[in-house]
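Some notes on the structure that comes next.
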Amino acid sequence: GEENTTSGTGGTAEASKEVTLGSTAGPYSDMLSKAIVPALEEKGYTVKTVEFSDYIQPNVALNSGDLDANLFQHTIYLENFETENNMDLEGLISVPTAPMGIYSNKYDSLESIEEGATIAIPNDPVNAARAFLILEDEGLITLNPDAEVLKVSEKDIEDNIKNLEFQPIEAGQLPRAVEGSDLAAVPGNFALASSMNLLDALVLENMPDEYRNVVAVKAENKDGQLAEDLIEIVESEEFEQTIDEEFEGFGKPGWMTE
Amino acid sequence: MIQIQNLTKTYMTKRGAVTGVDNVTMDIKKGEIFGIVGYSGAGKSSLIRCINLLERPTSGNIIVDGKDLTSLKGGELRKARLKIGMIFQHFSLISQKTVYNNIAFALRAAGMNARDIDVRVSELLEMVGLAEKRNVYPAQLSGGQKQRVGIARALANNPDVLLCDEATSALDPNTTLSILHLLKDINRKLNITIVLITHEMNVVKEICDRMAIMQGGVVIEEGQVYDIFADPQQELTKEFISSVVSFNVPEQILSETEGLLVKLLFKGAMAGEGVVSDMLQKYQIKGNFLHGSIEYIQERPLGIFIMELKGEKATIAEALKYLESRATLVEVVGNGN
Amino acid sequence: MIQIQNLTKTYMTKRGAVTGVDNVTMDIKKGEIFGIVGYSGAGKSSLIRCINLLERPTSGNIIVDGKDLTSLKGGELRKARLKIGMIFQHFSLISQKTVYNNIAFALRAAGMNARDIDVRVSELLEMVGLAEKRNVYPAQLSGGQKQRVGIARALANNPDVLLCDEATSALDPNTTLSILHLLKDINRKLNITIVLITHEMNVVKEICDRMAIMQGGVVIEEGQVYDIFADPQQELTKEFISSVVSFNVPEQILSETEGLLVKLLFKGAMAGEGVVSDMLQKYQIKGNFLHGSIEYIQERPLGIFIMELKGEKATIAEALKYLESRATLVEVVGNGN
Amino acid sequence: MGIEVGRIIELWPEIQTAFFQTLVMIGISLSAALILGLPLGILLFVTDKGLFWENKAFNSVIGFIINIVRSIPYIILLVALIPLTLAITNTTIGPIAASVSLSVAAIPFFARLVETSLRETDKGVIEAAIAVGATPWMIIIDVLLPEAKASIIQGITLTIISLIAYSAMAGVVGGGGIGDLAIRFGYYRYDNTIMVVTVVILIILVQLIQQLGDYTAKAIDKR
Amino acid sequence: MGIEVGRIIELWPEIQTAFFQTLVMIGISLSAALILGLPLGILLFVTDKGLFWENKAFNSVIGFIINIVRSIPYIILLVALIPLTLAITNTTIGPIAASVSLSVAAIPFFARLVETSLRETDKGVIEAAIAVGATPWMIIIDVLLPEAKASIIQGITLTIISLIAYSAMAGVVGGGGIGDLAIRFGYYRYDNTIMVVTVVILIILVQLIQQLGDYTAKAIDKR
C-alpha cells in the first residue's frame, strides 16, 4: 500500500527497505529472482516479488504504488501504456531480451511458405505489432506507413503477398500452436520456456533496443535510492555473468555489448 | 364465536377466476365442534383458511370473538392469530427442530420468556401424551404422534378456536380415533371452539355437534349432526351419510324374502325402546331383521332396521299401525315375493 | 395359484437388519380375492412386493402358476411379470404421457404391435369407463380416474394375478367403493386372482374372500373373511374388526339400563331368522335393542346385537336357553343396575 | 467511459464474426454434451444403488472421473487436451479446436445435471414400469426421459449459459467469440465502447436463453 | 511429460504459499458470499409471489442484477471492479485484491443457490408458522433456515468448488493460488511436473470439500 509509494520516493529509501517487484510468469520473473533480487537483498532490502499472468496489471499496480518496480515490458509498450492510461512511468534500463521468432514445423524457409498459409500471432496488440513488423521486414507483407508502430494490426496491412491468414491467440499458447498452425510468431520468452531452440526459427526479430525489456518505476521515483540501486545492479558484472549462465540466447542490449 | 359473513373467495389463475367459496354466511358458536364435509374441491379448505386469514377473503367479513379479522393487518393480525390454533393434514412440523422446539416456537411467537415456555411445553406434552418424546425429531414419530405435536402447537397459546383441516385424513383408522378423542377431550376441558374439515362422515359422527355440507363453494345443508344423520335433506348429504349408515340389502337376500319389508327408524333417548319387542308380543307375526344398526351419534342412539314381517295380512297391517305410532319413521320398502 | 413358501425378507440398513417379512407360508387360490391387513410396518408391502419380485426375497420361494419366480432372471422374469399386474397406492402413472400411452406402454413391454395395441387400449378404457379420457394427461384426472388408468395398465396383458398395494388408500370413500366394485367385477368376469393390501377393514368386508392379518412380518391369522369377522381369534384381529362392527355402548346408556345385557351373534343364511321374534313371542319378557348391526360379508349376513332383557328372572333364564339353542353365540355382558 | 457509435459501426463486422464464432463453439460443445453427456448422466443414474443396472464400481469410477474433470481449471484442461484436439480437429487453434476443450468441460457438467434431473422422477413410476415387465431400455426411453424432460431442458439452459462464460476463455487458442472480443478489445485495447457493447450482447444473450429455456420447460411439462 | 521429484521439492515452498493464497481468497470470498449472499437469497425467496414479503418489483430488480453479474465473463468483471477493489483493499494486486472480484462473483451465485434451497421447504410448514402468529423474522430464523440448512450446506460446497475454479483466474492480478500456479508453471513455463502436482492437489482439494460437504449435510439433517 501507501508505505511502498513513499518508500520509493527519493531519499527516504533507507527508512524503509521493503520493496515489491512485479513481473509476468516466465523468464523475466526468473531474471528478477535470480539476477536482481539477491543483489538487492545484499544491499539490505527486503524484497517481495509478485508474478502476474497478464500484461496490464503489472503497470496498473506500479502506478498505484502496489509495486515499486516491474520488469516485463519493452520501452514502446511502456510508452504507449503511459499515454493510453495517463500514467507517468519511467524505464530505467533495458535488460537482455529474447527475440520473437517465426517458427514452423511445416516449412523450412520463408520462401517455401505457400499461398494462404495460416500464421498464429499473439492476441495482445503489442506482441501482435511485433509479429507484423517481422513479416514486413521479411517482405511478406507491407504496412501502411502512417500506422502507429505500436498499434499495427491486420487492418494496417496494405499488401499481403502470400495471402497469409492471421490467427490471433494467447501469447503463452503460441509455442503449442507451432504444431497446429502452419506458422507461428512466438515471443522469445515463451519459446525458451517451452524448450524451443531459438535457432530453429525461420527468422528472428531484428530487435532494436526499444523492443528490449526494461526495468520500470513510477516516474516520480526515477531518481530514488531504489532506482539508483537497480541501475547499479543491472550494470554490474555479476548480472551479466548470471545472464550468460542462466539466460542463454537472450539478446543483450546495446549498452551491454558496447 | 365465529361469524362468517357473506364470505367469497375467488382465486385468480391464468385460466381465469376460480371460485373457492361462494357467499357463505355461518355462525359457529362458542364451545361447539363444527364439522364441514364435502367432496374434494368443494371449498372446505378455502373456507377454513379464510377464518385465520391464511387466505385473504375476496369479500365478506370474518368476525372471531367480536373482532373483525379482515380489518386487521401485520402485528395486530399476528396477535389475533395467537388465539386461533390450526392443525394441518400433513402435520407441517419443522423437521429440523425437536418436538420441544416445535411447540416452543409457537410460544416464542407470543413473546413468552424461556422459563415460562419450558413449563408450558411440559404441560402441553403431558396433555397430548408425548412427555417422553420431548427431545425427539419429527422424523422419529409416527403419524399419530406427529399430529399430537401439531395439536400441542396449536393449543400452545390457549386459543379460543381450533381449526382442523383434514387433521386425520393422513392417519389410519385407529390413530384417527385416538386423535378424535383427544380433540373431544380438549373441547370439553378447555371449552374451545373447534372447526373441523373432513370428508369422512365417521369423524363427524364421532365428535361434531353441528355440521355443514359444502358443494361448489356453497353450504348446501347445515344443522345438528344428529338431525342431519336422521333426516338428510340434500341428495349429496344422503350420499355422504350412506357411507356410515348404509342399507343396501344384497339382491340375493331380497329375492329370498317372502314377507313384507319395512324400514324402521328410531330417533331419541333409547332407540326403539322395546317397540319391536312389544309389537312382536302384541301381534302374532314373525319378524326377521335383515339389516339394521344402532349408531350412537353424539351419544344419542339412532336406530335403523329393515325387517321382514311374515304373518296374516291383517295382523301385519295392525302391527304397522302400532309401529307407526311409536317409531319415528316406518316405511314399507318391499313386498316379498 | 400363488404359493408363498417360507418367505423371509430382511432389509440391510445402516442401523442393522430390519425384518420385513418373517418366514411366511401361504397359499392363495386361483380366482379368489385375498386381503392382507395389518398396521403400518407390519410387512404387507414387503410381502406383496416379493410376489412379483420387485423386492428380491432374502430366502424362501414364490411360486406363481407353478413357476418358481425366485429362480428367474432378466428376460424370463420380465415375461413372468407380464402375467402379474400391479396397482399402486399413488397410481404411479407417467405424468408426461397421455392415458392412452400409459396403457400402451404396458402392451409395448409385451411386444405387441401398434395396431393391436390400439384395439386393446380402447377395450381396456371401455372396461374401466374412461373411453373419453383417452388423450388426456394424468394431471387432468381425479384420483379415482387415475386409479382406473392404473387398473387398465395392470390388466393390459391379461394377467392371471393382480396385486394391489393400498390401491384405495389415497381415495375418498365413495371413489374407493367404485374402485372396489370395479375390482370385484374384474375378478368375476376374468377369474383373476387378486391380492389386496389395505388397512381398512371395510375394504376387506366389501370384496375379499379370504384374508390374512399380519403383525411384525408374521401372518398371525388367516382364513375366510366371514369366519374371521364372526369369530376373530387374535387380539389384533378383534381390534381391526371392531372398526367395522363396533359394540361399545356409551357409558351413559349403560348406566340407564335396568335389565340383563346380552350379546347375540347370528351367523349364516339369514342372520337370526326370526329367532329373536320367536323368543319374544314365546317368553313374556321385554327386549330392547341397545346396539346392533347386520353386516353383509361376502353377501352372507352376520348379525350382532346387544339387547337389554327385562322380565322375570326365571323367564329370562329360559329365554336365554332358547336363544342359545338357536343363535351362534349368546353372551351375557352386563347385569343392569 | 465514452461510448462512440462510430466505433460500433466500424467494428460491427468483427462483432458479427465473434457472434458467429460463439454460436459455433456453443453449438459444437452443446451437441457433444447432449450426445455424450446425456447417456453418461443416464448411466450414472441407473447404475446407482437400488436401480435396475446397479453397479457400484462403474458408478464410482464414472463419478470420480467427472469430479476430476470438474476440478481442473479450464485453461489447464485446454492445454492437457491439445493432443486430443490435434487428433480430432487437425489443428489446435480456432473456434473448432476450442470446441474440443469446451466439450470436454461441458460433457461431465451436463451429465451431472441430467443425473440430478432423473433423480427427481418418482421412484414409484419406475417401479410400476418394472412391475409391468418393461425392459431397462423402455424404462429409460418411455419413463425416465419423458418424466425428467422439463428438468433436463433447464439443465441444457444452464449448460449453454456456462458455456458462454467458458467460451470467453477460448481466446487463448484463438477461438474468438463475443467474450473473447470483450477481453481483446475491452481489456487489452482499452476500448470501452466495444467492452460495453459486447457485455451488453452477452447479457442479452444469457437472458434470452434463460427465458427461452424457462418457457420451453414450462410448455412441455404436462404436470 | 516427465515428472521430477526434485522439482517438486524445489518448488514446495511456492506450492505452500499458493495453497495458503487459495485459502485466503476462498476464505474471504466465501465469507462475503455467506454474509451478503445468504440474506440476498432469503430476500429473493421471501419477496417472491405468495410469500410474506411479496414484492414483485424488488424481486425482479434483484433477480435481474444477479443475472447480469452472472453473464459477465470473470476477467471483464475483474477489470470493471478495479476501482472498487482499490477503494476496499487499497491495492489492486495480490490475493486480497483478487478476493474482491471473487466475492462479487460468488455473492449472486450463492444467493441463487440459497433461493433454490429455500424453495424446497414445505410450504405447509411456512403456513403453519404464519398461522401460529410468528413474525417474518421468526419464520426466517426458525423455519426457513433450519429446514433448508442441509441444502444450503450443499450450496456452500458448490460455491467453494466454483471459487476454486474461478480463483485460477486470479493470476491476472497476481492473486496467486494453486490454480494460478498450475497456469503459470504448467501453461506459461511448460513445467509439467508442477502442472501435474498442482492439478492433483486441486483434485484432492475438490474431492475433500465435496465429501466434507456431503457428510456435514447428511449429519445435520434430522429428516
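Letters are used for the chains, namely A, B, C, D and E, taken in the order the chains are written, and counting of residues starts over at 1 for each.
By definition in this document, a contact is a pair of C-beta atoms (placed from the backbone, for glycine too) under 8 Å apart; a residue touches a chain by one contact, two chains touch by 3 or more.
Keep in mind that this is a model prediction, so the values were computed, not measured.
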If a chain touches chain B and chain E alike, it appears here: none
Set of chains adjacent to chain A and to chain C: D
Number of hops, chain C to chain E, where each hop joins two touching chains: 2
Most remote chain, CA-based centroid, reference being chain B: A
Maximum inter-chain contact count - chain pair: B-C
Centroid comparison with chain C (C-alpha atoms), farthest chain: A
Between chain C and chain D, centroid-to-centroid distance (C-alpha), Å: 53
Euclidean distance of C-alpha centroids - chain A vs chain D, Å: 37
Centre-of-Cα separation between chain C and chain B, whole angstrom: 26
Between chain B and chain A, distance of the C-alpha-averaged centres to the nearest whole Å: 88
Where chain A touches two or more other chains, by residue: 56, 172-173
Interface hub residues of chain E, defined as touching at least two other chains: 79, 183, 187
In contact (per the touch rule at the top): chain pairs: A-D, A-E, B-C, B-E, C-D, D-E
Parts of chain C lying in touch with chain B, wherever the complex brings them together: 39-40, 142-143, 172-174, 177, 199-200, 239, 243, 249-250, 252-253, 256, 270-274, 276-278, 280-281, 284-294, 296, 299, 301, 303, 305, 310
Of all residues in chain E, those that touch chain B in their complex: 122, 124-125, 127-135, 138, 142-143, 146-147, 149, 221-223
In the complex, chain E residues that touch chain D: 67-68, 70-76, 79, 161, 164-165, 168-169, 179, 182-183, 186-187, 195, 199, 202-203, 205-207, 210
Parts of chain A lying in touch with chain E, wherever the complex brings them together: 1-2, 22, 24-26, 50-54, 56-58, 60-61, 64, 66-67, 172-173, 175, 190, 193-195
Of all residues in chain C, those that touch chain D in their complex: 52, 54, 78-82, 84-86, 88, 90, 92-97, 105-106, 108-110, 137-139, 150, 153-154, 156-157, 163
